[in-house]
Amino acid sequence: MAVSKLMSENEAIERFVDDGDTVYVGYTAAAYGLCHAIVRAGKKGLEAVGGSVGPQGTMLFLAGCADRVRSGYIAGALRPGLVQDMMEDGSLKYEDYSNQGIALMLMAGALGIPFIPTRSFLGTDYLRPDYQDHPGGFLGPGQKWAEMESPFDGQKFVALPALRPDVAVLHAQRADEDGNVQAWGHIGDAKWAFWAARKVIVSVEEIVPHEVIAADPGRTVVPGFRVSAVVHMPFGAHPSGCLGYYDFDYAFQAATSTRINRSREDWQAFADEWIHAPGDRAGYIRHLKEHFGDDALDAIRVNAGQSPQAPVHYGYADQLRFRL
Amino acid sequence: MTNPADDYTLAELMCIVAAREMPPTGVVMLGMGLPVLAGTLAKLMHAPGISLCTEVGAFDWSPSPDVARAPIGIHDFNLNDGAAMVTDMVDALGTLLMGGNVDVGILGAAQIDRFGNLNTMVLGDYRAPERRLGGTGGNTEIACLAKRVLTVMPQERRRFVERVDFNTSPGYIDGPGARMRAGLDPQGPNRVLSTFGVFGFDTPDGGETGSCEMVLEAIFPNLDPEAVKIETGWDLAVAPQVREVDPPTAEELSLLRRLDPYHFYLTPGRY
Amino acid sequence: MAVSKLMSENEAIERFVDDGDTVYVGYTAAAYGLCHAIVRAGKKGLEAVGGSVGPQGTMLFLAGCADRVRSGYIAGALRPGLVQDMMEDGSLKYEDYSNQGIALMLMAGALGIPFIPTRSFLGTDYLRPDYQDHPGGFLGPGQKWAEMESPFDGQKFVALPALRPDVAVLHAQRADEDGNVQAWGHIGDAKWAFWAARKVIVSVEEIVPHEVIAADPGRTVVPGFRVSAVVHMPFGAHPSGCLGYYDFDYAFQAATSTRINRSREDWQAFADEWIHAPGDRAGYIRHLKEHFGDDALDAIRVNAGQSPQAPVHYGYADQLRFRL
Amino acid sequence: MTNPADDYTLAELMCIVAAREMPPTGVVMLGMGLPVLAGTLAKLMHAPGISLCTEVGAFDWSPSPDVARAPIGIHDFNLNDGAAMVTDMVDALGTLLMGGNVDVGILGAAQIDRFGNLNTMVLGDYRAPERRLGGTGGNTEIACLAKRVLTVMPQERRRFVERVDFNTSPGYIDGPGARMRAGLDPQGPNRVLSTFGVFGFDTPDGGETGSCEMVLEAIFPNLDPEAVKIETGWDLAVAPQVREVDPPTAEELSLLRRLDPYHFYLTPGRY
């Protein structure tokens, strides 16, 4: 409780990400800054998991940090490039699920149950027997899912095994030093990653006093006792966005995501300039301003959107008229 | 209806026709890509009563009439502005979709086949891919579990194929009864909206009976059914009466273009 | 969307509760006013379900509206009285689960999956073969649960069947006329009841404009398209409480819950005075003040508790610098 | 330690001893009844580092030092005041408890037996009840899934029974290995805090080996182990060295009483 979990991104990754770990790297609460720190730390043999694995995950593939992916959507493979090549030449192994599949598997992991049933995947080629041991995969047959029937009504379903990542890297709006995290807005599968992962590393736009958390505990998405490290990292999601703080930098994203995926040289040049040389996210933001001008972040400044209107009160009576 | 706009692309009309296909009310789950643009257009013009939802967790999104853009994908933060509820993916693809609350799913894909199956995964053999794609996202569960599916796809012979290379998203699979044998519910009436026309499926009961094959029902102005057949990879069934699709109205076209200010959706080669 | 779902409690119950329905009657979002309306409407053959079924459910048993209960805790059976007698003489049938069991079964119902695994109940007498067809029950053997092993690791678990109540009656802080409901504070199993039930009837302390809902959509617990009826009912949870509006009326509760459970005569006298004669919740509150004085509600007035401190902004950029 | 308070009830000391049993840190799930009072006392005095949680959905509740009352049951709204997170029952009994995040569960019950099994369901035969009880609430899952369990129960022969009438909440079931055979994890070290003393269980490894029977380890001041045996429904094992429990300190007793201003918890006959 009283032990601060606040630390730098480089320390957090060094302490809580081990080579070979299964790492939740999602799309919605995209922790670009933490993924950059993983690249800097030169972690190896990681598996990236997420309902969708965003461009920050692409960097883990290109840097050789991650050689496996378990996901429903791989942003880096959307268009021709290195990630598609790696999947085709076997240097990036993959097990394909779907957004819902991974989200439910994370929920099952969080719930401590062995699997979760779904009626998705029925009638698809995912379940083809000759695809269960495909050369691109790494789980092996029988471990990816199981077709079953309900003991109550015979309904066919697919049993998806629980997924407990070794570690999750996530970005959110705010937290206190104890690691109580508050987030708002549509959150994708990140909600369950906070609970499924054995270790949780979260970067946030703002560190707030515990009183701010306790003033609205319904806004908390994970309590501090489940969090290993909190990193104060303004613009930690850039070039993705953080609701209420800045929007997606689509220009930067479109330019870089195509470029880094084009050739090894392009990737290395990007990594040297934007990941290694800056040293941390603060350096990255400084470089962004040097490179694009002091107004580099103006385009993503929030200038629309709403805030709560009506009062919310967690009110009760502290003196009662009590008769037994 | 006002004078039809005479200067429009087939892709623009495809999105407009998709919007026209929306029911007046019901819960609509937006897939990735063009469905977001078409759904936004429908909500603002053709079907204000629908409840637009995304797998990321925005429920019943009601954009203001002067919204600056259709969401740039389903992660756009502007989906939080006007939503009645924002939550997570298990609530969206689980509670909402699996729970039976989604009336219409609107999807895109890399390939579609004669039974309306979709492929978002791979071109060629899954075990030795010619070209690997990004993956299915929520496409699979929407196809499995929505009560109706609208598919928006450019009419190209390489994409309208006899059999999808990988069935990520079941339509009628391989014909009548197949969905039920697989453990899925009947689904429909489904529609495909392409850059050439509008397709239905030959089944009166969501896949129990009928051939369950795609049927050309309506065609875009100044196009010939033969042109559609040329861009279709199987011997396409054609309805006895092929209706001609109304061209875009000036209002439809101007709103559609206003909703895509960065040409994120309608830049040729991106859809 | 644009169709108002606002109606009186008596109309809502008449239209959306049918004899024989399975009715979610929980503990946390206790809809006393709606349960009183069920008693007034004289519904029959209902089954009460909930992780815990609170004293408002007791009234459904005593009034003869409900003759079955599926729950983990039955408040009326805590101490000797009519409810225990009914369970012992067979006039109230019961299937015992647990709070977690029912909560998970509601979640499974909401998720549209046939069952949910749990490791609870293992090692208990709940699973004794000779208890599966017990005289007090109504589900019959094989329908209550199933002992299974995970196809992935052989882990033993109990499969709990999905539970989809025909209707849920709940009380919350606020909603708009479309039925978009906002609630805050610890919520027990009510969260999943909003999604599991085929019909949802909710009473609220305040009806607010849709703009209030849209201003903080993260506070919404169920969207209007899942709600059948919204009832504007101040003090609708009394003698339970509503966080931020009034606390539990422990004095009233302690007095009445013991009394109504003591004898048929006591129950009938209570029902006549507090349920039938008042006609609706407004009449009930008027009677409360006549009976206990105009300051009857002072003891439960909220005078402690917190409100959100720090700003929350659903902010984004409505103009972007976009390059493809 | 300050001068012991000399005027206290055995029930008061039971709650105080339960509070003293709390580890310095860890996640604690509060069962219904006296555990709420004992947990609140521990958080404010003995173990400020613990994270108190309830099945209703309050996580890491940190009451202010001058809190007006221990929560009147786990539904008391004051659990929202000082909590780090408030959520629902699936998150509490599912994600938190089943997920393996609960270090200590603290429970009460109607009956306990020599292996620490609890009964919250029925007196007599479940198929022909002598007396039906309220039910288990979250007691069953906490007993199944918490890493350790502390049980708080008045020492009465009718409640400390050879075998519970209905095992709602497994301790060591029927002896060594039984939890694992049932599919549960080992659990412990468990403790029972009664109105007469403190009990452990004869197992070094959470139920794999040892007799797994309840053992009297400490006794309240001025009580004789024979008195405990008289109020125990089986031949109770007694540790070679039975420690005497320290009486309440003045601080413990005054805080405990301040936390129960309405005698909701410590009114004889209510626990």
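A, B, C and D are the chain letters, set down in written order, and residue numbers restart from 1 in every chain.
As a convention for this text, a residue touches a chain if its C-beta (ideal position, glycine included) is under 8 Å from a C-beta of that chain, and two chains touch if they have at least 3 such contacts.
Keep in mind that what you see is a predicted model, and the values were worked out from it rather than measured.
Chain centre most remote from that of chain B: D (centre = mean of CA atoms). Per-chain CA centroids place chain B at a distance of 39 Å from chain C. Inter-chain spacing, taken between the CA centroids of chain C and chain D, is 28 Å. Separating the CA-averaged centres of chain A and chain C is a span of 35 Å. Residue positions 112-113, 118-119, 155, 157, 184-185, 214, 218, 241, 243, 247-248, 250, 304-306, 314-316, 318-320, 322, 324 of chain C each touch two or more of the other chains. Shown for chain B are the residues in touch with two or more other chains, namely 58, 68, 72, 76-78, 80-81, 83, 86-87, 90, 94, 98, 145, 262. Contact topology of the protein chains: irregular, matching none of line, ring, star or complete.
Of all possible chain pairs, the ones that touch are A-B, A-C, A-D, B-C, C-D. On chain A, the positions that touch chain C within their shared complex are 112-119, 142-143, 146, 148, 150-153, 155, 157, 159, 161, 174, 184-185, 208, 211-212, 214-216, 218-219, 241, 243-248, 250-251, 254-255, 299-324.
Those residues of chain C that touch chain B in the complex are listed here as 1-2, 109-113, 178, 180, 195, 210, 213-214, 217-218, 220-226, 314-316, 318-320, 322, 324. Within the complex formed with chain C, the chain D residues making contact are 54-58, 68, 72, 75-81, 83, 86-90, 93-94, 97-98, 121, 126-129, 131-141, 144-145, 166-170, 173, 178-179, 182-184, 262. Residues of chain B that touch chain C in their complex: 25, 27, 48-49, 51, 58-60, 62, 68-69, 72, 76-78, 80-87, 90-91, 94-95, 98-101, 145, 262-264, 267, 270. Across the complex, chain B is touched by residues 27-28, 51-52, 71-75, 77-78, 80, 84, 87-88, 96, 98-101, 103-104, 107, 118-126, 130-131, 134-136, 155-157, 184-192, 241, 243, 247-248, 250, 304-306 of chain A.
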